[in-house]
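Below are two complexes that have chain A in common, paired first with chain B and then with chain C.
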Partner chain A sequence: MKAAQFEHHEPTTVEEAVSLIESLDEPTILAGGQSLVPMMRFRLARPETVVDLNGIDELDYLQEADGYLKLGALARHADVEESSLIDRQYGSFADTAPLVADPQIRNRGTVVGSIAQSDPKGDWGTVLLAHEGEVVAHGPGGERTIPADEFFLLPYDNTLAEDELITEVRVPTSGDDEGSAYHKLKRKVGDYAMAGSAARVVLDGGRITDATVALTAVDITNVSVPDAADHLEGERPSGDLFKQAGELAAEHANPESDEHGSAEYKRNMVRVLTQRALADATERASNDGPAARYGTDQMAVGD
Partner chain B sequence: MAEKDITLTVNGTDHELRVESRKLLVHAIREDLDLTGTHIGCDTGNCGACTVYKDGEAVKSCLLFAVQADGSEITTVEGMEDQPEAGMGNSDLHPIQEGFHEMHGLQCGYCTPGMIMAGKALLEENDDPTEHEIRENISGNLCRCTGYQNIVKSIEYAADVLNDREPPESPVEHEGASMETAPDGGVETDGGCTGPDLTREYPGGDQE
Partner chain C sequence: MSSDTREKPDAKYRHDEDGGPDPEEHGGHGRGGMGEEVKRKEDRRFITGRGNYVDDVKKDGMLHCEVVRSPHAHAEVKNIKTERAEAMDGVVAVLTAEDLEAYDLATMPTLMDDTQEVLVKDKVKFQSQEVAAVIAEDRYLAKDGAEKVQVNYDSREPVVDAETAKREDAPVVREDIDQESNHIFTWETGDEAATREAFEAADVTVEEDMYYQRLHPAPIETCGCVADWDQDNEKMTVHMTSQAPHAHRTLFSMVSGIPEHKVRIVSPDVGGGFGNKVPIYPGYVIAAAASYVLEQPVKWVEERSENIQTTSFARDYDMTGRIAATEDGEITAVDVDVLANHGAYNAAAQPSKFPAGFFKIFTGSYDIDAAHGELEAYYTNTAPGGIAYRCSFRVTEAVYLIERMVKVLAQELDMDPAEVRRKNFIPEDAFPYESATGWTYDSGDYHRALDKALESTNYHDLREEQQRRIEKDDDKLLGIGLSTFTEIVGAGPGKQCDIAGVEMFDSAEIRLHPTGKATVRIGVQTQGQGHETTFAQIVAEELGLDVDDVQVEHGDTDTEPYGLGTYASRSTPVGGAATAVAARKVREKAKSIAANELEVAEEDVVWDRESGQFHVQGVPEQSLSIADIAGASYMNSPPDQEPGLEAVDYYDPPNMTFPFGAYVCVVEVDRETGEVDIRKFYALDDCGNRINPMVVEGQIHGGLAQGIGTAMMEHVSYDDNGNVTAGDFMNYLLPTAMEIPEMETDYTVTPSPHHPIGAKGVGESPTVGSPPAIVNAVVDAMEHAGVSHVDMPMTPDRVWGKLEEAGLAKDPAEDLELDIDGEEAAGD
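Moving on, here comes the complex of A and B:
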């Protein structure tokens, strides 16, 4: 089906975009469009005006600055996948990017758009939670930052105001003693997660000084698991410790049975995925080098 | 109506179009430019039959409004024969096209234009990919006939041509193989199985 008629606006600066969003009647923001365009074609979305961000060059960046890893609203999944900075320092981002949809969609779709979409099956929200990141929003009143754990409300709903635009997501820079990983279970290549788990650990003198665990597709939003984090902090990493953290994550998860698997199965997978993510994150925290060298290569295939 | 004037450079030719904002790039290519080699398979962004090569990367042209492609350079399957690599093999075709022809990379052919464009995007980045890299790079393209084996071989064939290696011999019999009409009107092939004679005249076929 064709999308309903709409006016297409192409601002070239953030300022212009913000004033357009304020002046237009319920505009929809288009970045990568890999979810929005099909939604418009099925008329699940019928915006009368669309503000297309693709002409705003100042939003196209992926860089470390001011103590953060910053991704502008036009950073595509493929940019994350191809970044050597990500590969060296941000294992969870390096794990996630190639597991999102397929190559063509990764060339267009954006990380910020995925977070704005706030689909509980989306991967990036979980990574953002695991890194205790922030969403940077611009509105008529200026800029504000929303911590990841206050951002997601319901499926496809978040605390962004109607007249606000997400210009950036950012996470604190990852030091050499930090490691992270994301493990995803999906039915087939390119699918949404049936369950996913991101873990981040900071090691100091053989002990975990800081840790986070967050989950995909097992609750009404992406969720973090504070109980697991508390259990890990101050301890020496071990298989038993990760098993207990995995069990806490499974208890925290609230999956629903569907055509892909029972709630019981998904809960069990949360346990397994969390253990694996913690093991990979710890390995990466203890070693310097590309993410693929340490931890599990989830893109590997067998014969 | 919300309409816009856009310019698309498709296969090296500039086109000025007036399109509705809601028109998808694939519809502009097929309906306004009459380049029907780019297919629409699924209408949901899953199948990849509409893949085109836009500004140096493969994109699904059903997930992009035509107005978003204003000013971009696009290659579709129709433009493959005009690429610099065309003619490097044993024909005037692009090595990927020749690969699909030689290695039986298609059966119904519906997914083929998208597969070829995804293959082009891969080979532009890496002209000698592994089988695994090929499989990953066509993971956004669905084929319901071949089981993908021969599609992978077709792209490997193109990589052989691009790297000056002798590509494997085609498993497909081409013209030149002797065919004689069997008594029942079918064709006896070397393997002894019979198929229809597509040139035979049928009674009542010439209706006036």
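Moving on, here comes the complex of A and C:
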């Protein structure tokens, strides 16, 4: 675990960062370093220059504004875990934060860095898809936004341009009738998902008026499952309905076998996890049931 | 197995005239004697971050070594180009097999008398095998240099598992030693005919296949060394991560030709060994050769993946067990077949004379008349090793086999597994017990242990809860697993076990100073077991000293007496015995000095263990402590005694010790995901007299964590091309505190009758005993639906597969109850 030599730059404003990225030869952006530094130490990544965002204070925020929940590029996993904004209505955020890696990594790693990493096993991409969020990018040409469902391309690849950086990811603010949840299956604490499923539902008069389902670690990117969403919309929540949605999600999934589980198992777990996520999301949307009380499964422990 | 026929002169000290320590009755003497929970002396430096590990050793002019490793599992080395690396700034040298050949160091012997390349010249036999080495000014430059070494390979078809290696058309791994097949050895034990007869006559027979997967000891400190050749004194000093410094000194001298008195091995603080640091690895030899050639100190420290991918693994036994029994559950015979994967070299870290180590203890805690076992060992294109990992030379595999088979039998007979065990236990009055495979168990009381375990865990309530959950179609199934294992630890005896011919004794040297303090040097070596405390307690107990007045030193071959090292729970059974005997030798001399001081005849002087003093028979006021006598030995030595007070003992044990335990594991199995939650783990261990109950408990906690890792997570896996697919901690999963359930430890005490202080080993008991308890529990949860086995590691995938097959899998939505506002009447 010995990284190759590299040059380190530490801008203090977004503007400075953008111009550094433009002027340097193939620079690599460093946020929390929790994916990049291990890759460098394994020499899977060997950037000549690194532009470190950690000195840019203006990127350190997690706030509700302009109809969005916004996370700046320096919002750490731990910030989400601890934020008072993250409650019943952002249940999937509350579920996800404590399930990402371990506490040390959560103190450094950023949500935006996780999106930029575009690892299909990353959890935040799934949450972003489930909330139909967007990515805000800055480059020499200024700012642009990329919808979540247009962002991810391949494992570790996305539609961000070489000379762009992400300053923010955001999701529309959650209404009172909205609920979301994330369920992840892993073999031990701190691990990446074998499979994960996020669900979001909006209820009106006992019916689901809007729904999304998105998945982790079962395709080449985080993916949403439009079939399941279509199947749910307009329907009354029920065990049968969720079972069918779970089956649609399982059909949609395209997992691969690895050390931790076979493709068949993962597909079955997509069915199970989607049912669980839908059940929790519904409890939160209707503000009724244990999931609504605690916001997250993990927080329930020790309660 | 007993070598009682070899009565050594020090045998007379085995039984002390006062009956020896009885910590259960007396709990020490209040000054840190046996049975007292003395805080560990070594913890201050560890807790404050001041431990001194090999990687902390820094020397002037020290260079760094990076090994160039093969990406292929099986490939011919066509050529190696080193020029680009050599031309780099900061790169001092690049070594290949040819360079080592000049010093006759291109190969090295393994602990099983095989020969392994230090650097490969002709053919790579496992992935990440050592091919070249770069020596540079710092570790980053060494790594940069290693990237620039070009090796051309011609890759060959690899053979990754024993089953394939067995095939006639399988690629041959070891042409270098003129092997025509991959077969290494066949080993057989027991009485085949008697066993066959018992099977033919049996009411019931059961059979189960089980694979004890390849594990890695994965100590948190990887292997490494700093070799320092001192040209002026022609002396080689090697600081290394060694569990057996003296044996390594002898091997180093034999391999390098440097005279043994000119080799010094220092094993400083060691960050976990678990058997991984018993063998010698190429990196040590390379660093030493480089230091010799360059006349500068050279450091080599493995990266995590290098450690997991290349150093000694454990297990990899593919086993089939069979039991014959009467219809009321009395076991009449056990039969075992094993297919063993030894990797590319026969390099198992096992010093016994038996090719399969102590595996023939597979009759376990049970009185079984007929037993037979047969094993075939094969070479494959995987890292060499076997044995290592908190295991007395394959006892772990044996215990797993028999403890699983007893459960399989109970299931077949529809009997409670506790009942089947009770029925077959070796009775308490049968000890010393001769097993069908030729061991002499020293002592045991299995019924008492199991009874206590069942009572403490409310076994009957658990069984009721299990039934209730089944009846209620609960989402989570309850499983209760038992393991009533017998361990075998404490190698020697010297005639049965040796390293490079050196018999497996162990040693201690005790020296009392004029002011009454003691320095104790021991041949065994701590890697976290707490020797600095527990060995001081043995001396404190035997000499009546305060434990704070006893300093234990270990790990430096220049000063310590020769020892065979710490692994396989042998320190207390062998080194601890040597320490007690050396103390009794000191006490013997002290007695004559006491007589001189007290001006009475020696027969009139008696030793009182409780007060730690000699006194005149019938006149307790006329007493002297060992400290007083130590002073007298230097300042007023008797006319018929040499001055000074010290003794040394090299102890060749007459037999192993046989600790045992009764474990109860309670699990909940999630029918939706196959996840297993270990709700509780209860471990009752009987390791004879306990020197320090707190240290014993610590050993058990750690070992249970490792047993849980084994049962649930760990597996060094390979793909068909021989690539290690679990070569780092993202894929080779170790349990953390979060995966460890509530553990309850308990004990009974059945002293070893032949050990000077009645102690047995304990370090490996939990790693050996717990995996079958956990597997039995998981199987137990699904048994009502016909599940009879789950292989380790019991991943959620595997468990869910069994649930699905047995019709037990469930979807969360099945019992979903939603209460949604605005919901219209049912039927809408």
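In this text, the second predicted complex is superposed on the first by the 287 of 303 C-alpha atoms of A that agree within 3 Å, B and C clash if a C-alpha of one lies under 4 Å from a C-alpha of the other, contacts with A are read in each partner's own complex, and residues count from 1 in each chain.
Keep in mind that, in the parts below, contacts are C-beta pairs under 8 Å (C-beta built on N, C-alpha and C of every residue); 3 or more make two chains touch, one makes a residue touch a chain.
Since the structure is predicted, the reported quantities are computational estimates derived from the model, not experimental observations.
Using the contact criterion defined above for the overlaid structures, shared-chain residue A:Gly205 touches chain C, although it does not reach chain B. By the touch criterion defined above, A:Gly239 reaches chain C but does not reach chain B. One of chain B and chain C touches more residues of chain A, and that partner is C. Of the two partner chains, neither chain B nor chain C is touched by A:Asp25.
Touch criterion met: A:Thr282 reaches chain C, while chain B stays clear of it. When the two structures are aligned on the shared chain, A:Gln5 is found in touch with chain B and with chain C. Of the two partner chains, neither chain B nor chain C is touched by A:Asp66. Once chain A of one complex is fitted onto chain A of the other, the partner contacts of A:Gly190 extend to both chain B and chain C. Using the contact criterion defined above for the overlaid structures, shared-chain residue A:Glu162 touches neither chain B nor chain C, since it reaches no partner. Comparing which residues of chain A touch chain B with which touch chain C, the overlap comprises 1-5, 189-190.
Taken in their complex, chain C has these residues touching chain A: 139-140, 142-144, 147, 303-304, 672-675, 713, 715, 717, 725-726, 730-731, 733, 735-736, 738-739, 795-797, 800-801, 804, 811-816, 818-824, 828.
Interface of chain B with chain A (complex): residues 1-2, 4, 20-24, 43-45, 48, 51, 57-60, 62-65, 67-68, 118, 121, 132, 135-137, 139-141.
Listing the residues of chain A that touch chain B in their complex gives 1-8, 30, 33-34, 37-38, 40-41, 50, 52, 54, 78, 98, 101-105, 107-108, 189-190, 299, 301.
The touching residues of chain A, counted against chain C in their complex, run 1-5, 43, 185, 187-192, 194, 203, 205-206, 236-240, 242-243, 246, 259-262, 265, 268-269, 271-272, 275-276, 279, 282-283, 286, 288-289.
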